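You will see chain A twice below: alongside chain B first, and alongside chain C after that.
Up next is the complex of A and B:
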C-alpha cells in the first residue's frame, strides 16, 4: 500500500517534471520571444481598438505579413550563410517590371509573364552568387554593385511608368481568400513549413547551416561551400522575385518603385525572427512571428491614431519593447543554466 | 583563379552585359506609351533641334529632372513642344536618383560643358540652393519647375502648382461629394517635403469652415506605393464604421487610395466612401471612370515644362524678373466623371493664358 503511494508520487513528479521540461524547452527556443511579443501585441491592439479584430483588418494584416515573410526570406537565405543581399529590393523591382512588361506592354498571358519574371529574379540571384564565389569579394560589395545595375535596369525599362493592365486572373492569389484566410498567407505558411523541414531534415539545409556556422570547417568536412553560397544567393533571388510577383498580384498593377523600401524590412524581419546575423541559424516560425509582429505594430500605430510626425519614434520604441522579451528570455535561460550547473 | 575559370567568367560577364543592354534597348520605347505618343507628334523637329551644336555665348538651356517618374515624362512633353515651336535645342536630362548629391554632380558637369540656363526640379528644397548659388554666380539662370527651393534662393522663378490652393480645392470637392458632412481621412505623402505642410494646412482650413466635417485620422510617410497601400488599408480598417471620405494630396497615396478602395468595393464593401486624389495616373483615372473615386486634381506638367523654358529664354534675352515676383502659378484643373475626356484641353488653355501674360506680369526689361 505504502509502496504504491510512493510509486504514484514518483509518477506524478515525473509527469510534472516532463511537462515542466517540455514547457521550459519551448521557452528556451530563440523564436519563442518573438512569438510571445506578437501575441502580446495582438491582445493589446485587440483591446485598444474595436476595429482591430474586424475581418477586413485581419485580412489586410495577414496579407501584409505574408508579403513581409517573402521579403525576409530573400534576405534570410543569404544571412544564414553569413552574407547579405543589398540588391534584394532591386531584384524585386526588376521582377515586377519584367512581369509588367510581359503582361501589359506585350499583352502576354501570366503563364508566360510569371515564369519570365521568376527567371529574371533567379538570374539576378545567380549573378550575385556567381560573382561572389568567383571574385571572392564580400557579398556586401557585390550586391551593392548589383543594386545599382538592377535599379538602372528597372528605371531604364520602365522609365518610371507603372504597368496597369495586369490580367484580373493574376490578382486572385493576392486578393482572394480561403474561408477568410488570404491565399497569400496560406502560401507563406506552406513555404515556411517547407523551408523549416529543409533546414532541419534535409542534407542541403544542414549544409547551408554548416556553411553559415563556420565556412572553413564546412569546407574541411567535405561540403562544397561555393555551391552552397551560389545556391543561397539563387534562392535569395527566387524569394525576391516571388515577393515582387505577389505584390503585383495584390496591387493589380506593376509599380517600378516596388522594392525600394524592402531593405530595412528584410533585415528586421529576418533578424528579429531568429536568423543569426553571422550565419548558421534559421527559424521559420520566428520569421512568421516577426513578420506578424512588425505588421501588427505598423497597423496598430494607425489604429491608435498616433501623431504622424512622431510615428517613426513610436515604431522604434515598440519594436525595442517587443524585442526586449528576447532579452528577458535569455536572462532567464542563463540563470537556469547557472542553477543547473551549481546543483550537485 | 585558373585560366579556364577566367575565360568562363569573362564569357558569362559579356553575355550578361549583352543581354542586359539588349533587354533595356528593346523595352525602353515600348514601356513609355505617353512619351511615345509625344514623340510621334513632336519628335521630328525636336530631334532635329536637339542635334544642333551648342555655340559659345548662346542661350544653352538644360531641362533637368532628378529621376525617372511619370510626372517628368508629362513635363518633358511641354519641353518638347517648346523645342518644336522655337527650334532651340534643349539638353534634356533625367538623373538616376532623388539625391541632391547626384543632381549637383550632373548639373556641375553640364555647366562645365557650357550650358547656362537650367530648368530644374530640385531634389532637395534646401540643399539645391548651394548649387544654385554657384551656378548663378557663374552667370547662369535657374528656374525651378514643379516645386520651389527654400527661400531665399537664387532661382529666378518657380513654375509650379500652388499646392495649398490645389489642396483646398480638392477638399472642397470632397466635402461637396460627401454632402457637406461626415468624417475624412487625410492621407499625406512624405513629411520631409515642405509642400506637405502647406497641403495639410489648406485641407484643415477648408474643413474648419464646415462644422459637420471632421478629420478623424491623418496618415503619412508614403515612401512607395507598397507602403501607401498598406497604410491606407490600415487607416480604412481602423475607421471602416465611420469614414465618409478620403483625401490625398500626393501622387503615391492617390494611387494607393484607388487600389484599396477599388478592392474594398469589389468585395461588396457596404459603406459609401468618397475620395479625391491628385495627378492623372492611369489607375486613378480608371478609378474615377469606375466610380471608385470622385475626382482628381490635374496639375499642369505640360506648362511646368513649356513655361520654364520660355522664361529662361526671356531671361537670356535681357529680361529680368519684376520686383517681388517669383512664383508662377501654373494652374490646375479638377477632373471627374463629367470632364474625363476634356480636362486636358482645359489645362492647355491655362498654359496659353499664362504664356500670354508672362512679359506683362512676371518680367521687365
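Up next is the complex of A and C:
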C-alpha cells in the first residue's frame, strides 16, 4: 500500500510542472522538517510563556544555541564522510584545560592561550585522522580509544580543578552582544554561512561530500580520499576546540568537565539538522534550526520545572526519534531505488 | 513437477524477464543458459521466492504457489546452491553442512556432535570432499567451500535442486565428480536446475536446456542432438556475432601506454604489453585471471613490486587514481559501477563533474554551478543518457544509463587513455550495443586509446581487434584480428576458438 503510494508519487513527480518539482524538492529536503519544528516551537513558547520573549531569555537561548552549533559542527564534519568522532567532547575538554593552564596557571595573555588551545584541539583531530587513514580502522574504534587518551590528559593536567582566572577581554566574546544579539550567535551564523558556501561551491567541500557519498567511487574518480578523511577529522578537532574556547569565554572559567555532555548533543543537533548518518549530506540551515530547537526544548523543560537531572534522557529520546524519522525518509526515498540495486 | 508460467519481471529501465514459461520434469537435469544479463539469475530468484514476479505464476504439482521469501521455497524442498560462497569460516565442515538442521540433533538440551559428524560425513562423501568433517572451514579452498554448499543442499532432501554456476571454482576433477553426482541425484527423482556458462558441462549432464536472451525464452530443447554451436547461436543470436564495427587503423600509432616487467608478489611476474594510440585492446579472461588486477596496478590503486609503466614513451609514476587522472589523463571506468563507479545518492551532475570540478571554477575558486550543469548536459546529450535532467539522482537510472554516466565523467575529464572494465554487465541489449558503438567511436573518431576488460566473448571479439588472453595472472596469448587496412579479417568462430586454445 505504502509502496504503491510512493510509486504514485514518483510517477506524478515526473509529470508535474517545475513549480510542483520545486515544491517537492523543498519537501524532500532533509532540513525542511527541522526548520518547521523550530519555528513551531518558537511560536508555541512565545504564546504559552510570558517570560520567553524577554530580551534576557532570547539572549540566553541564542547563546546556548550558538555553542550547540559549534559542538554539532565538530560531529557533522566527520558524519558527512560517513564517520564519527566519539572523542569530540574530550578534545573540547583538553582545549579548555590548555586554555585555562595558559591563562590562569601561567598567566599568559589570551593572545597566546587561545592559539595554543586551538592548536591542541586541531592536533587531536589530526591525530584521529592520521590513525584512521594509516591503520585503515574505522572511526568508531579509533576515536573510542582516543576518547580515553584525551580524557586522561584532561584529568592529568587539571587534576580535576577548574581554572577560574580568565582575562576579562576574552570572556567578552562569550558574554557581550551587538545590539542585543550575542557575539557568539553572530559568530555561529557566519561560520555556518561559510560552511554552506564551502559544501556547495568549493571543490574541497564537494569532494568531502563525494567521499561521504561513496568513498570507493570517490577515490576511483581521482579524489585523494585519504586527504579528505584526514581533513574532515582535523576540522572536527578545530570545531571542538572552537566550541571549547567559546565555552570558557561564556562561563568565565575553564572547567575540566567541559565536553562530557557533548557526545549526545553533537549527534542530536547534527542528525536532527539533516546531516545524513551515512554521509554525503550537509545542511547549514538545518544545523542552525536544530540547535535552536534543542535549546528551546531544554529551555522549555526548565520552564516546565522538569527535573534537570533527566535532561539526557530527553535528549536521547529525541535523537532516537530523529534517526527513526531519518530512516523512514531514507527508506521512502529508496523505495524507488531499491529495485535498481537488485537489478541482475 | 515444477512449472513456471508466463513469468514477467521488470526493474526500472530493464525488463529482466518477459513472458517466460518452462516445465521442469522430475528426474531431469534442466540447464538454463544465457549471457550475462539474460535473466537467468532473476528466474532463479523468482523460483526461490527471493523476487516476486510482476506477472505469471510458479506452479508446483499443478498448484500455483506464492513464495514470499527463500524460506518458503525451502519449506517446499526447493533448494538453491548459490554462486556466492556462504559458509561460516570458524565452524567445522560438519556444522556447515548441517547448518540449517542443527536443531534436529538435540538430545536432552545438548547437541549430539557425534551424530552430526556421522551424518555430515555421508554427504561429504557424496560430493567427494577430501577433508575430515571436523576440520574448520576457514582454511579450505574455494572449491572445497563450494562442495560444502552442495553437500548442505543435498542434506535437506531437496526435491528441486537449483545450482547457480556451481563449477565456477572447481577443478576439472571436482567438476567431473559433481556432474557424476548430479546424474545420481536425478535418478532419485530430483529435479535439477543447472545454471552454467560452461556449455561443455551442459552438454555432458543436462537432459533439457532452456536458453534465455535479454529476458526472453528463446527455447527449451532436449539436449540430445544439440551441438554447442547451436546453443551459442540461440544464446547470442546471429547478428551479435557478425556485427562488424568497421575499420580501425592503428598501424601508424605510437604506443600510448606501455608496461614492462610488471611484477606483484604472489600474482604477476614479469608481465608486459603495449597499448597503441587509437587502439582498442581487449583484456579477456575469467574473473580473477588478472585482468582487473593489472588495471588496478596501472591506475595506481594497487602496488606493484617491480616493472615500469610508460605513457607516451615517458616513464610514469602513478600512485593513485588522482595521479592517473590529473597527471596522465588516464581514466578507469570501474567494473561494478554501483559500488565503485557512482555516487548513487548524488545527482547525475555531481557524478559527471566530479573529475572536473577544479576546471569549472571562477577566478575566486568557486565552482560555477551553471558551468557544472552545462557540462553534465553536454555529456548527457552526447551519450544519450535518458533522464529528466542533470539533477536526477543516479540511483533512479537504468543500468545502461548509469553505465553511460560512469563513462561520461572520464570523457568530461578529457582522458586520452581509458580503461573500461566490464562495461555491459546488467545493461539491456540496446544499451549494450550503444556502449559498444560508443567505445568504438571514442577510439576511431577521437583517437582515444582504450583497454577493454571483459569476460563477454562476443563483446571482446566485436569491439577489440587485438585481444590479450589472461589466465592465472599471466598473459597467455595474444589474438589479432587486424588486417592491413584496419579491417576485421577473421570471423567470430575462428577468433573464439583461438582464445579457447589459449585458455585450455
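One rule holds in what follows: the second predicted complex is superposed on the first by the 277 of 344 C-alpha atoms of A that agree within 3 Å, B and C clash if a C-alpha of one lies under 4 Å from a C-alpha of the other, contacts with A are read in each partner's own complex, and residues count from 1 in each chain.
Here is the rule we use: a residue touches a chain if its C-beta (ideal position, glycine included) is under 8 Å from a C-beta of that chain, and two chains touch if they have at least 3 such contacts.
All of these numbers come straight from a predicted model, not from anything done at the bench.
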Of chain B and chain C, the chain that contacts the larger number of chain A residues: B
Partner chain(s) touched by A:217 [first = chain B, second = chain C, both, neither]: second
Touching partner for A:127 - first (chain B), second (chain C), both, neither: first
Chain A - residues contacting chain B, complex: 49, 51-52, 54, 56-57, 60, 64, 97, 101, 105-106, 127, 130, 134, 149, 151-153, 155-164, 175, 247, 250-253, 255-258, 260-261, 298-299, 302-303, 305, 308-309, 311-312
Touching residues on chain B, where the partner in the complex is chain A: 1, 5, 9, 12, 16, 20, 23-24, 27-28, 30-35, 67-70, 72-73, 96, 188, 191, 216-221, 223-227, 229-231, 233-241, 252, 255, 259, 262-264, 266, 281-283, 286
Residues of chain C defined as touching chain A within the complex: 11-14, 16, 37, 39-42, 51, 301, 320-322, 324-326, 332, 334, 338-346, 350, 354-355, 357-358, 361, 365-367, 369, 388, 393, 395-399, 409, 413, 426
Complex interface listing, chain A residues touching chain C: 14, 197, 200-203, 206-207, 209-210, 213-214, 216-224, 276, 280-281, 334, 336-337, 339-344
